[in-house]
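Each of the two complexes below includes chain A, the first together with chain B, the second together with chain C.
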Partner chain A sequence: MSAADTAADVPLPARKKRFNRNEVLAALIFVLPFVVVYAVLFIYPTLQMIWLSFHKAPLIGPGTFIGFDNYLKLFKDKLFGVALWNTVYFVILTVVPATMVALAIAVGVNRLKGWMQSLILACFFIPYILPVSVVFRVWGWMFDSQFGILQPLIALVAGDNVPVFRTLPLFMPTVAFITVWWTIGFNILLFIAGLRNISPEIYEAAALDGTPRWRQFTRITWPLIWPITVLVLTIQLIAQFKIFDQVYLFGNGGRSDATMGLVQLIYRSAFQKNNGGYGATVAVVLFLVIVVFSVLQFQMLRARGNK
Partner chain B sequence: MSSVATTPAAGEIAGLSPRKRKVIKALDVFGLIATVITVLGAIFWAFPLYWAVVTTLKVENDIVQPGIQLWPQRFTLDAYTHVLFNTKIGTWYINSLVTAASVTVGVVLISSLAGYAISQLNFPGRRILWWIILASFMIPIPALIVNHFVLISQFKLFNSWLGVILPQLVYGPVTVIIYKQFFDSVPRELREAAKLDNANEFQMFFRLYLPMNWGITTALAIITFIGAWNQFLWPFLSVTNEQMMNVTVGITQVTDAFGVKYARDLGSAILAGLPVAIVYLIFQRRVTEAIMLSAGIKG
Partner chain C sequence: MKSFLKMAVLSAGLLSTTGLVHAQEVVTWWDFLGGGDGVRMKALIEKFNAENAGKIEIQGTTLEWGTPFYTKVQTSAAIGEGPDVMTYHLSRLPLGVSSGALSEITADEIAAAGLAGSDYADSNWKAAQVDGKQYAIPFDIHSIVLYYNKDMLKAAGLLGDNGLPTGLDGVDNFKAALQKLKDGGAEYGVSIHSAAGDSQWRIFYSLLGQQDGQFLDADGNFLSGDNLDKAVKATTVVADWVKDGLAPAATEYPASIALFTGGKAAMHINGVWEVPTMTDLNAKGELFDWGAIALPTFFDHPATWADSHAFAIPNRVGNEVSPEKRAAVLQVIAWMNKNSLAWADAGHIPAYSPVRDSEEFKTKQPNATYSVLADTAVFDPSSVLAGVASPVYDAAGNYLMPAVNGEIDPQSAMEQMRDDLQGQVE
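For the complex of A and B:
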């Protein structure tokens, strides 16, 4: 989204009137692999997804056209409500905290110098490049209900060991916390790039004027870093709406409906219940939600940033 | 930042009013606190990984003892030897390696070729193609799982390397955009000079544009590889045969019949994450650069 937006600002050179035959021929060969791959694996599945959502169909095989029945069914489906709420809840729990914590860490890391900075940054960043399965095992062990290193702490508060991932009110917040731990490196990286672009002279001038640290942050750093904040918020929002992996793994293979998100509902409808049409319907809704949210949020934040 | 503000001030400080001197001193204390908090934060962040690695080096009986042993009392590699020799992790490694490497080569190749055409060549449909690429950012890939599955089944590619690889070729349209931007910035004179030497478009691409942007190709290849290696949802859906699983899927879906063994479970996870961790540590700067570029920030 964001990259697309910046790229869209770069205009393509004006179209020439006539095409050179050799050039067109060469161009066709250059774009052919891309066009074939995207037509077959991207445009075709997207159109087919919309088409399938109007059908009562198994995952594999022919179906019958039923118009908007799948969509009507969707809005009466309690499970869809649960999945939508869980997804929104997860987004709320992750996006803003991860952005704020990342900015704080970036400011702290940016003050450091040399190898110290590299080392500290690596500590924060390394979880981001690990596969979800590693994150699942590592935190499964931290929170293990019998021998987890965090259980003494939990017992201190709750009075006894708590199987966190099997306790519904704790499930989403814990998975959200782990997700923040896992993915924050990306946000930190973007914020550090933004902080480095702020000229040190501005701070020097502010320091000589005796501007307190906090004011320096609210008056200089925060406004100048705002475009990056918008970028980080948007990227995360879109990413977290697609939540599946962690929730599925920590939710014990998705055995409980109570922890289901939208992608998991697609998976469940299409793959476990063999209802391809209904799965596609959920997919279309997810698609629309992401498009609407990303456009809306981006416009809103940009409008505020321009003030 | 604080050193920028304070070190050169040492000489000037005498000329400042006492109030201002006080402010500068206060800044230093603030700086110290900030540094301490940052370092503590980094330790907190790294600890779960440290704790997982240390646990794998302990004897299983010591793991379930009460109390916290920050270093193994009895050191052992049993967990790793068990995982390496008694599970299918070797096969899963090969599956991950083959699929991730193929996705990387495929993505880099088709993106660089398309990026070159869009950047340097004039042809009908160029604008439409560009808009399709930009629009493709909107479509959430997990929404396509149902129809990717249908497609893969039609081609009878279920439980095969190709079935895992193909849909992942469309996971990163941003690479085309990055290539286009980099090819745009190759000086026009070089192109004219090559044209005078009668170079055709293919020579131009392979001898001039690609070598000149070797750095960005490396960076994009590395993050594409890491992304493909870490992919969970699609490899999880398109493979049910244990022999064909990727390592990230295998270690979570195939469980030991002999109950929970903490060191072994963690050991297999460490092994699954090790290749990407090593790739990151070696190519740290390239990874950072590529991540920034795909977020739309020129590093």
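For the complex of A and C:
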């Protein structure tokens, strides 16, 4: 907005000057490090991966070109279906709850003042700074089927201790719950930033008109932080499609075929079974799934928000 | 993901090569010994470094046992950034060699280090070969044993005059004994690590071996013919303990040990590598009078699953090590074998015959009590699909573990396990 305004205000000759050779050169030099790093560390490996998916190849080293065979194999692979479903299931279990709960907490925290606000915010944010291994240990201990601190509570409800990570129907929901607990701090932070951007004058005007709190939320807060909500949803969607660590750690040694997600299938094919070509194929499919979903979601939500 | 890993391995490699400025040979060592035995291994490495100061220095790193260790070894070998020497399970050797992760150790190198094949049990030495080529030097034989609480067994009348358990042989006898212990006040008769496939595989494979069952036959078929029935029988034995509350369901590894050491379970089936845990606790006065014996005979004859820790040298594609370094590595391996009496403190049975036949080892407890199992040991099938962190181990987690915990019926679990593994045969 502001860039366009200033450009329009500047007289024509001066505008022409913006594109002189020296400046273009300087711009290129400044942009170059990023472009090089991006090309070497992202574009090139991605193209390599797509190329690898057309080969029967070990993880490292040359292979033989087999065209679309890996893709055909993929659609006949029962594990791929399971992994795809588990990934989608996990996304469903985490994305919307993590966004909604974060918004609710952010609205609450935003009402607090001073050090109290900082303290409560810190409490919600601390889990986010923990490495996944710590999260795994902490919740592993709390849910331990023999000595877990949560088991007396579970026994009250279920009648007996429940090994939650070895009970298939409970596995994904529990891991999803832990993931929401773990990562929600970042979403809260984004929402708080958004909430602070809303001018207090709007609320004052609404209060003068006697607007009840709930209507203030639905008519002012919600529409004004819609862009943040879209951002959080999209970030969540991409992050959760790539689910690996938690599921791998909690499921290790157990029924990994029944609990694995797509990234785990990549890991297993490429690293454990040394089948780099097939691993790359799953990776390409996951890449496409994420691109399609996130573009669709972002566009759809943005369109709705503009109305 | 791939490039990231390369970077990570590269930077790790850079860190390790900075040690080269010293005049002495620095041997980078990776192991997966994170249990009670890891402490003993660190002491051995320190002793080696002290004795060889100025000549060879081992820089050891302990990595996560199982799949994480072996995937890291495989990827680092492929780009020449692995360690100079590492511990390796002989059960996994065929898989390791087929994926090109291991470097052959020549007869000349072995002889130059003062070792010989005749220093090892023949089957153990041959298990370190693929197609007649040596890829590893055995270090120990390890297995699972039955740990027991002497007080509780005595109270239940299951302890003989010699201080050893009695009346545990046979499926029904063993179960009756578990019931007696439970009636005597124990929460569980026996504690087992029932939340993972690996530990269950070791018990299962022992029970299969006691019936002369073959998991993988000579024609490359999994659980063929009546082997399937034997496998179902073996699975049912353990599943029955869990079903009747005589053994804990879906219990994690640390909890399974704590149930025993905390006096809630009268017996415990686990690897010999937890002997140091018991020894140390007992020395601190925090553990009751305990013992360990070879697994009872449930079926026709004694047999126990066993594996062997060995030393292997990873391939280093495009980054070969100097002959001096390789000689140093072989010296490390030879020294470790000759000093493996200390390794017996970690519960293991030394692979090196002169140590195993020594008077000191023969009087070392509890090793001496259970070392008979070495004679009837059954090793994992020799296949690229078998061994630690292999498809067979994954399948144990997917089918055997849930069967033990009553989630799948043993018959259908074994059929699914057979079909899954057969489907992975190339």
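Methods note: the second predicted complex is superposed on the first by the 263 of 307 C-alpha atoms of A that agree within 3 Å, B and C clash if a C-alpha of one lies under 4 Å from a C-alpha of the other, contacts with A are read in each partner's own complex, and residues count from 1 in each chain.
Simple rule for what comes next: a residue touches a chain if its C-beta (ideal position, glycine included) is under 8 Å from a C-beta of that chain, and two chains touch if they have at least 3 such contacts.
Just so it is clear, the structure is predicted and the values come from calculations on it, not from any experiment.
A.B. asks: Regarding the shared-chain residue A:258, is it in contact with chain B (first), chain C (second), both, or neither?
C.D. replies: In the superposition, A:258 touches chain C alone.
A.B. asks: Can A:166 be said to touch chain B (first), chain C (second), both, or neither?
C.D. replies: The answer is second: A:166 touches chain C but not chain B.
A.B. asks: With the two structures laid over each other on chain A, which partner does A:59 touch: chain B (first), chain C (second), both, or neither?
C.D. replies: both
A.B. asks: One more residue to check, A:45. First (chain B), second (chain C), both or neither?
C.D. replies: A:45 sits against chain B and chain C alike.
A.B. asks: Applying the document's definition of touch, where does A:271 land relative to chain B and chain C: first, second, both, or neither?
C.D. replies: After superposing on A, A:271 lies in contact with both chain B and chain C.
A.B. asks: Touch test for A:145: chain B only (first), chain C only (second), both, or neither?
C.D. replies: In the superposition, A:145 contacts chain C only.
A.B. asks: Going by the contact rule set out at the top, does A:238 touch chain B (first), chain C (second), both, or neither?
C.D. replies: Touch partner of A:238: chain B, not chain C.
A.B. asks: Please tell me which partner, chain B or chain C, touches more residues of chain A.
C.D. replies: Comparing touch counts on chain A for chain B and chain C gives B.
A.B. asks: Mind working out whether A:127 is in touch with chain B, chain C, both or neither, as first, second, both or neither?
C.D. replies: first
A.B. asks: Quick check on the output: what are the common chain A residues between the chain B footprint and the chain C footprint?
C.D. replies: Common to the two interfaces on chain A: residues 41, 45, 48-49, 59-60, 140, 144, 146-147, 266-267, 270-271, 283.
A.B. asks: Considering only the defined contacts, which chain B positions touch chain A in the complex?
C.D. replies: Spelled out, the residues of chain B in touch with chain A are 1-5, 19-20, 23-24, 27, 30-31, 34-35, 37-39, 41-43, 45-46, 48-49, 51-52, 55, 63-64, 68, 106, 109-111, 113-114, 116-118, 121-124, 126-127, 129-130, 132-134, 136-151, 153, 166-167, 169-170, 173-174, 176-178, 180-181, 184, 200-202, 205, 226, 229-230, 232-233, 237, 247-249, 251-252, 262, 265-266, 268-270, 272-273, 276-277, 280-281, 284, 287-288, 291-297, 299.
A.B. asks: Per the contact definition, I'd like the list of chain A residues that touch chain C in the complex.
C.D. replies: 41, 45, 48-49, 58-61, 140, 144-147, 163, 165-168, 252-258, 266-267, 270-274, 283
A.B. asks: Touching residues of chain C toward chain A in the complex: what are they?
C.D. replies: 1-3, 67, 70-71, 74-75, 78-79, 99-100, 195-198, 248-252, 255, 258-259, 389, 391, 394, 397-398, 401-402, 405, 407
A.B. asks: Note which residues of chain A are touching chain B in the complex, please.
C.D. replies: Touch list, chain A to chain B: 1-8, 10, 12, 15-16, 19-20, 22-24, 26-28, 30-31, 33-35, 37-38, 40-46, 48-49, 52, 59-60, 105, 107-113, 118-120, 122-124, 126-127, 129-134, 136-142, 144, 146-147, 149, 181, 186, 189-190, 193, 200, 203-204, 207-208, 210, 212-213, 228, 231, 235, 238, 241-242, 244-245, 249, 263, 266-267, 270-271, 276, 279-280, 283-284, 286-287, 290-291, 294.
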